[in-house]
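The same chain A turns up in both complexes below, where it pairs with chain B and then with chain C.
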Partner chain A sequence: MGKTKAVQLQKDKKSYVSYIMIPVLFVVIQILYRTEILNSYWYQILQLACINGIVAMSLNLINGMTGQFSLGQAGFMSVGAYTSAMLTKLVFQSAMGNPFASYGLFFLALLIGAAVAAFIGFLIGIPSLRLKGDYLAIITLGFSEIIRVLWRVFPFSGRAKGLNGIQKLSTFPIIFVAVIIVMILLRNFTKSRYGRGCIAIRENELAAETMGINTTKAKIKSFVFSAFIAGLGGGLYAHLMMFINPEMFSQVKSTDMLLFLYAGGVGSYSSALLGALIFTMLPEFLRFMGEWRLVIYALILIIIMLNRPKGIFGKHEFGFMRFGDKESAHQKADNGGLISSFVERRKAKKLAQAGENNGGAGKQ
Partner chain B sequence: MLEVKNLVVNYGSIKGVDDISFHVDEGEIVTLIGANGAGKTSTLRALSGLNKVGTMTSIKFMGEELTKMTPHQIVAKGLNHVPEGRRIFYSMTVKENLLMGAWTDKDAATIKKNMERAYTLFPRLKERESQIGGTLSGGEQQMLAVARALMTGGKMLLLDEPSMGLAPIVVRGIFDIIQELQKEGMTILLVEQNANMALSIANRAYVLETGKISLEGPAAEIKANDQVRKAYLGA
Partner chain C sequence: MSQFFQLLIYGLQLGTIYALVALGYTMVYGIVDLINFAHGDFLMLGAYTAFFAALFAGENFVVCLIMAMLVAGVIGVITDRIAYKPMRNQPKLSALITALGVSTFIQNLCRALPFIGPIPKAFPTLLQSKSIKIFGVTFTTTQILLIVLAILLMLGLNFIVNKTKVGRGMRAVSLDRDAAALMGININMVISSTFFIGAALAGAGGVFYGIMYPTLEVSIGSFLGNKAFIAAVVGGIGSIKGAMFGGIIMGIAEIFATNLNADVGFGVAYAILIVILLVKPAGLFGKLTTEKV
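Take a look at the complex of A and B:
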């Protein structure tokens, strides 16, 4: 009895710590920025990395949790970006004066942008998610190209020139809060009945069907939600860069998002976020190498994928993203997290050493 | 309980199941036996809505027509399918797998009751509660698949090849549990290649041959039939 209580207390303390960590992290970054240890260039990169993290997490919902392969996350990003940018630039322009009005309308524009992305996700999802297999990958790939071409054609989206003169409304506090909100939303979705259904679909679609899960509905729900969050990320992106053009949302962008997700660790939101943070910043760290940085970047990726096929951080969730029962030893092994595998390797090494000490004579 | 009339399953222009009719009464174990490609699995998939059926087909489960329903609606009616090849959720723990079985159930008390029932039937699963599904042995996975289907709290089970790829002693255990389920009042439609085992526990049997029923009757009678003995029982 006393033991279980102690365990409970420890668990509570842990989640408490991770909630405390969030504001601490925010304050530390702010202090670093104010004292100019973190210059404005890196500050900008950090914000970009956070937005990439949002989109990578949205991709994890559909690729990692539901097991459907989307190749066109940049398409949804562009819908969110263009919609919200057109709203703040063309529609709300006159109403924006004081900071309250402009931020209020900015949030509204972000939400509308995300909702439009979700709606388009819904339109694409209905036909393609009824089918099993790789159709979604093909359709999303096609969609992201179509939408890019459409932005080049429409006069109100600035054609190939794109939209410029967007107000810089995405600030670090807003992006930071958006990341936290998105994490909580995704965590709660995954924890819910529908989320569990999505994981069952990923594991075995036929079995999920025989459990009484409406698989089409569950897949569409998670796809639409994923598109919504990607659209939100796109809106933040437009108001961070202050300029968007169709080429920003090409296939390369979608591939980047996949890269963040798979290098970080597919199947975990926190790994996706960390993957996005690391791999957005890495090319900037390597900038001193000039043109060689892309070679090194690719080399690092290859090494990671060879050594850690489940991603750097594996399927583990960190801090407050972890939910449900405590991971069992089996799950830990299956998740292939960085820390647990490190501990595992040390244990094995120790064991081997002990074995050598005991039976060293016999070996020689 | 289950009344199937003129069941037709087409794969393109090929007839997988060609106009068969059969019925399963409440509390019975009925087995469908036959060689590879006879249409056994196609029949079960049709019953649970996973295969499209012909236009003249009628499948009545407790008086309700199932042919127009989707798989998840059929599960909600109480007809549960344990698909071929176990198909457990690999990265979920045993407990999580069982909870997935209770998907259609929203009442925590019933879920708990069903869970306890599953653990009494399969004490082995209780031992491995926190182990992930993928690391279980073949027999344990099959137990988990059956237990998971029981969690839906349905009235009838469709078992597809529960003996596939298992050691004889493990198969014996699984079949004992099938008999035990019958005693609890469960109705079972069993599809098997292991005709000997299936016939020894079933009440009635149908023999499928290239999509058609070639023989039907009480299991003991079928077992004694010369043709069946030659073709399926190796005697």
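Take a look at the complex of A and C:
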């Protein structure tokens, strides 16, 4: 949270502040952990929240940027998780002697997992991206549940029992770096020609097509890329939790990711990440309430959505994710960021006050 | 052959329950364009209402059913007023997330309330059943009664939608909300009655499900709601006829597939969904809307 605040204060200056803030944030968390102010339980939750953030950001690419309502992110996550876990557990096990080799092979397994997820995304994307809106959401959900059924019958995946005894290879530094890399990848993709095509599709598919964008291809590209990143998140997730079973990747996981994205603010990667961080940690903060904790959690969610329908942070991008673009006043109002809308309100108040003063002066 | 009919009866029974719940999904979607994720929870609330009604007012099927439908219906209307009404003019997906929140809220509230709790409860036997055997097929009077009742409820709904003033209002609102408002239709009234009818049908579905599988849990709502939602989509979401047929198709397919293999039965709903959406992108009875420029 410290990072975003600092970035916000210097909003219209160069975004290099966040490049300094990232290592600072990392060091601060490490110091908090080493001095045991941050106990290992919260450390684990933080890592989980970061992984949720990766998947929520990948969902933002397809839902927020391309405007295609996909609901099957847990399926791609499970492909990444199972593939990489089976690789590290069954194939690379013997070669993982020293830490150097084991981490190298871990990265390889993560990449292969993500690539397989991307391939599955390609296979699913071709038929289903012909559909639109709610129908697309439902068919992607259907495919993700089918994937889950396949894990229940697939022989090497431990069937319904799942895989356990996965090595704990996802550590905080790795996850942190993965978040940063994913952010940069997504930012660059979105700012590239393909990404701009995706945004055009979101705004108006018909117009995008008449402007010469191959909408089918662009949608499949963003879908595949989104699946790749979700698979990467899944691989990290498997090696953090140390066991996986098909039930972990049910529809509940997909809807959780959707919740993180929309409660944080759809259309912005940084909002998706922050949404995932907040809404993963919120139920843990509420632990003291016992059985009532999820009731309060749901209530908070409903209140937030009723008061801020565009999500807590809106479509606003923070820091280096903005890539040096300045937001126009119109964009700011449209994006509905938490801080910018607050600033707007204050400005409007000041203007009104100034107007009153002027009016008073005129009378005298 | 006798086994085939046996399974068919079970499938019909499950299918009519799915159809009852799917109707609520489809009606709400048709009118406010919202996938009401909390709809399955209305079913769960209906089932629990019947449970408590049986506990306090005696095991009378008619009383329990009416209580369940009333309570579920009223909760449906309240949910709409509190959580969905302020979202009418907001992005569609925000309303969807609110619906997710409502579903989590209802489920966990029931789990946290001391008199409901997370422990499964045994649903009372509301109907004494007799087995009948015809041509080697055994079925119970309860099964027949529930199937007939469910079909009667659906016919009643059909009557309301097609022949009454409220129904005409519903059809008008689902065609074009603004135009309907201009014609003097009380939109909020129509939406409330839609929620009431939809949730009441789900409540009835909950009672029927409780009689069929007498273990009551807080999570049956989301589990059954999901299947029913898929049924609604298979039939063509927004179409009432579609929800009925979709539900029955899903029920029968699920029973037959589960008979072959439990894991296959688990996934067959989704397989049917994918095949149907790929062949007919708007579902069996849905109408494809063309995009106007």
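Methods note: the second predicted complex is superposed on the first by the 327 of 364 C-alpha atoms of A that agree within 3 Å, B and C clash if a C-alpha of one lies under 4 Å from a C-alpha of the other, contacts with A are read in each partner's own complex, and residues count from 1 in each chain.
Assume a residue touches a chain if its C-beta (ideal position, glycine included) is under 8 Å from a C-beta of that chain, and two chains touch if they have at least 3 such contacts.
On a predicted model such as this, the values are computed, not experimentally measured, just so you know.
More residues of chain A are in touch with C than with the other of chain B and chain C. Looking at the shared chain after the overlay, A:R196 reaches chain B, while chain C stays out of its contact range. Shared-chain residue A:P127: touches chain C; no touch with chain B. Contacts of A:Y135 after superposition on the shared chain: chain C is touched, whereas chain B is not.
When both complexes are overlaid on chain A, the residue A:L294 reaches chain C alone and has no touch with chain B.
Legend: residue contacts after superposition of the two complexes on their common chain; A:E209 is shown touching chain B, with no touch to chain C. In the superposition on chain A, A:F69 makes contact with chain C only, while chain B stays out of contact range.
When the two complexes are overlaid on their common chain A, residue A:Y262 makes contact with chain C while staying clear of chain B. Residue overlap on chain A between the chain B contacts of one complex and the chain C contacts of the other covers 206. Considering their complex, residues 48, 50, 70-72, 75-76, 80-83, 87-93, 96, 99-101, 103-104, 130-132, 134-135, 148-149, 152 of chain B touch chain A. Partner chain A is touched in their complex by these residues of chain C: 29, 35, 37, 83, 86-87, 90-91, 93-94, 96-98, 100-102, 104-105, 108-109, 111-112, 226, 229-230, 233, 237, 263-264, 266-267, 270-271, 273-274, 277-278, 281-282, 291, 293.
The residues of chain A lying in touch with chain C in their complex are 63, 69, 127-128, 130-131, 134-135, 138-139, 141-143, 145-146, 148-149, 152-153, 160, 206, 251, 255, 258-259, 262-263, 266, 291-292, 294-295, 297-299, 301-302, 305-306, 309-311. Every residue of chain A that touches chain B in the complex is listed here, in rising order: 193, 196-197, 199-200, 203-204, 206-215, 315, 325, 328, 330-331, 334.
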